[in-house]
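I have placed the structure first, in the form of structure tokens, so that the comments after it can refer back to it.
Letters A, B and C mark the chains as written, and numbering starts fresh at 1 in each.
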Amino acid sequence: MADLVVAPLAAPPSRLLAGLKRGGARLRVGAALVAILVLVALLAPVLAPHDPLEQDLLSAQLPPAWMHGGDPAYILGTDSLGRCVLSRLIYSARTAVTVALIAAAFAAIIGVALGLFAGSFGGWVDQVVSRSIDVWMAFPPVLLSIVLAAVIGAGLTSVIVAIVAVDWTRFARVVRAETMVQLTRDYAAAARAIGLSRAKLLRLEILPNLVPLLVTLLAVEMGIAILVEVILSFVGISVSGDTPTWGSMIAEGRQIVYQAPWIMGFPIGCIIASVIGVNLLGDGLRLVLDPVQRS
Amino acid sequence: MRWGEIIRRLVLVPPTLFGVAVVVFVLLRVVPGDPIAMMIPPGASEADIGRLRALYGLDQPILQQFASWLAQVGRGDFGRSISLRQGVSGLLLMRLPATIELALLATVIAVAIGALVALTGILLRGRRAEWAVDGGVGVLLAIPDFLWALILLLLFGVLFPLLPISGRIDPQIDLDLYSNFYLIESLLTGRFDIAFALLHHMILPALALALPFAAIVARLLKASLVEAEDQDYAQVARARGYSRPAILLNEVFPNALIPTVALGGVQVTLLLGGTVLVERIFSYEGIGNMAIDAVINRDFPLIQGLVLTFAVMFIALNLAVDLVVTLLDPRLRHG
Amino acid sequence: MTATLAIDDLKVAINDSNVLRGVSLEVQPGEVRGLVGESGAGKSMLGRAVLGLLPANAKIISGHIAFEGSDLVGMHEAERRNLLGRRIALIPQDPMTSLNPVKRVGAQIGGLLRHHLGLSKQAAFARATELLIEVAIREPDRVLSLYPHQISGGMRQRVLIAMAFACDPSLVIADEPTTALDVTVQRQVLQLVERLRQRHGSAVLFITHDLGVVAKICRSMTVLHAGRVLEEGETADVLVRPRHAYTRALLAATPRADRPADTLRPVPPSLIEQLWADARRLDLLGPARPA
């Protein structure tokens, strides 16, 4: 029955290729950075020269290999416990990507679900969801995530819950608005006239149209997830003690920043590269998908 | 008149604060985590724990705790911090001025930078350099305040050690001041040496807080300027022989300011929220720095006091922004 | 006697399509010339070309514009800004959007007077008050202290007219100043323009699509279509003895008090098509772009 309904189609492949060109430098650079990040995370055991947890107290606080006093065995130096900075950076990337993907996915699922409900059912469902969004957004996100993580206790779960709790509203608001707009379009009315149930309508017509928007939001969400994880691990309430994270490296590095600035410096560089990469990717995707959507 | 609405908003403040207090109070006691357990030394006896608990009133039913807390607050007493063992009111009063000064300085810097960038951007309108300005702002937007804090700390505190990276002021300086508003008081009383020393410590954290907000201001203001410059009255002004910079400054800017303040003004609360991490990174003795430890230690009285303080500041800021918008736009005054 | 405004064979294009196709027009000192044409004929573009305020994507391909003998097209920006608002002035079309909403009326008029005439604050205020009296605004003191949204549309148009004549300009370009107003207010505005013109001795280029307005206030007129001048002359002549078919058609479509309404004829589409075809043929003949 669905093929009888006239609906905006997903773009044919040739259109997509032209669209990819539209993304321009942003898309290319962003995609490259994100690809590097994901690859590093996946290939961590292969890439890391040392075990990130292995301590070598005799080689503590060694500067990077190219600086005076450096050791070529530890390319980027070591921290206070003699652990290889490069290896820790690589494994931290793994944590960051894991958290980012899972948290973004959950935030998307919850946010999209609530947004769809609010947008398609309207009435009091919409009111409840919208008010919740308003109240939720009134809380300062940093404080909220810290409170949540502190409350639930250390661990991957609490980090993910904190991120999802802070940012599901991002998806919900946008999806709700788009759903309402789509439902007022002619094709939706036609579909209902034919007898498509609301659920089917959502699944077959509206969701596919939301996909481009969601892809962009997911990219942004991953950037936010990375940052929140950094904050939480900096403060000390992220994944359990031993797992290397950029945030905990920064916290450690802050204490000895005059003596060994590289311990704090390198994780910062990684975070910036990741965040910029994810943002550029999101920007580029928006440029690619937006005009296709509208035409 | 708009003033009626502002009065109505003011009247709504106490109930709002009440609501916030209730939520925080309940939330803290409902979720897991025992503050007493966090602060007792190992090996304390059951009796000791019991006594401590009674001291902080945590053995009473929730409603009773809330009632007695409300009564206390009514007298201006916010109770006693469990982790720091001092009066919460005293702690707040001691540290709040530091945060307010930091936030003020950051806002001033952000507005200045943002306005400069926006005006540059619009002067370059249509030229290729405009793309560079827009791109720069985009990058600024991507990096959050705490990252800026870390970057600035590394760059100007360690690699090029120009500025201090912790504390509010050099501990060796003799501070002969009346209030805790060190910067404001020293400026007002002409003690520029102290003010200078304070600024030395404040400039990096203030800059870290300011940059994301500056990016928001720059983007908003430039978009508003572009839109306003295309309006009829700006075009007609060209027919009167005014130069483009003069038109931008005299005719367009006052109009562009309105949507900028309206939309961007609320974002100042984000700046305030950023003090939590930035103060921590720079070991700056404000209330933001206290917040993290308070939460981790489940220090209920302190958390309650902090949350209420932040809530009051947020509400005050929102009201202030609305006031400023009303002042800027005569159409709102006469309706 | 040097014409106040002399436009000679002006060709203007936007992107690649021609908007003005060799327009020639003259306004003598103290003359009120009407520029008539339907929307899209190029009237406003002509006004903007004279003021030097063409949009960014528009270009003067060829032709001359001279103001009191001086070339306007090649003029230095600073010199042009000296003329604009002072010796050449504009009465804009939409009074609701042509005044700055966040500045008081007095500040806007005063700013103009101080910028061009170098008056002191008090002198500017006094002169602004006089100007408002000239445009028949009662309680000028009060109006000067008000914001544009606090006064009516008709009053705003009068303020704009006052600002146009404020520095005794030689030429006033009135860009459809009556289009956005209702009929009763239109008449007052026309009277005002005529009165001020006489008092300040200005020439007026009156841009409009309304032949009725032209008949009331313009001594001479030019008919524009598709960026070409189809007919021009003394208004009395042109309206009584129109030579071009288009002018005749326009007249037939204009309601008149001395003619029953059922004699109105819309301008025949075939005529319009013919004229556009002529215009395009003209484009193909001569070079449309600079060499």
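By definition in this document, a contact is a pair of C-beta atoms (placed from the backbone, for glycine too) under 8 Å apart; a residue touches a chain by one contact, two chains touch by 3 or more.
Nothing here was measured: the structure is a model prediction, and the numbers come from that model.
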Nearest-to-centre chain - CA centroid comparison: B
Farthest-lying chain, centroid of Cα atoms versus that of subunit A: C
Centre-to-centre distance between subunit C and subunit B (centres being mean Cα positions), rounded to whole Å: 53
Distance between chain centroids, defined by C-alpha means - subunit A, subunit B (Å): 26
Centre-to-centre distance between subunit C and subunit A (centres being mean Cα positions), rounded to whole Å: 58
Residues of subunit C whose C-beta touches two or more other chains: none
Subunit B, residues touching no fewer than two other chains: none
Multi-partner residues of subunit A (at least 2 other chains): none
Residue ranges of subunit B in contact with subunit A within the complex: 31-33, 138-139, 142-144, 146-147, 150-151, 153-154, 157-159, 165, 269-270, 272-274, 276-277, 280-281, 291-292, 295-296, 298, 310
Touching residues (chain side subunit B, partner subunit C) in the complex: 126, 231-233, 235-243, 250-251, 254-255, 258, 328-331, 334
Subunit A residues within the subunit B interface of the complex: 140-143, 146-147, 150-151, 153, 223, 227, 231, 234-237, 250, 254, 257-258, 261, 264-265, 268, 271-272, 275-276, 279, 283
Contacting residues of subunit C [partner subunit B, same complex]: 51, 53, 56, 80-86, 89-90, 92, 94, 97-103, 111-112, 115-116, 147, 149-150, 163
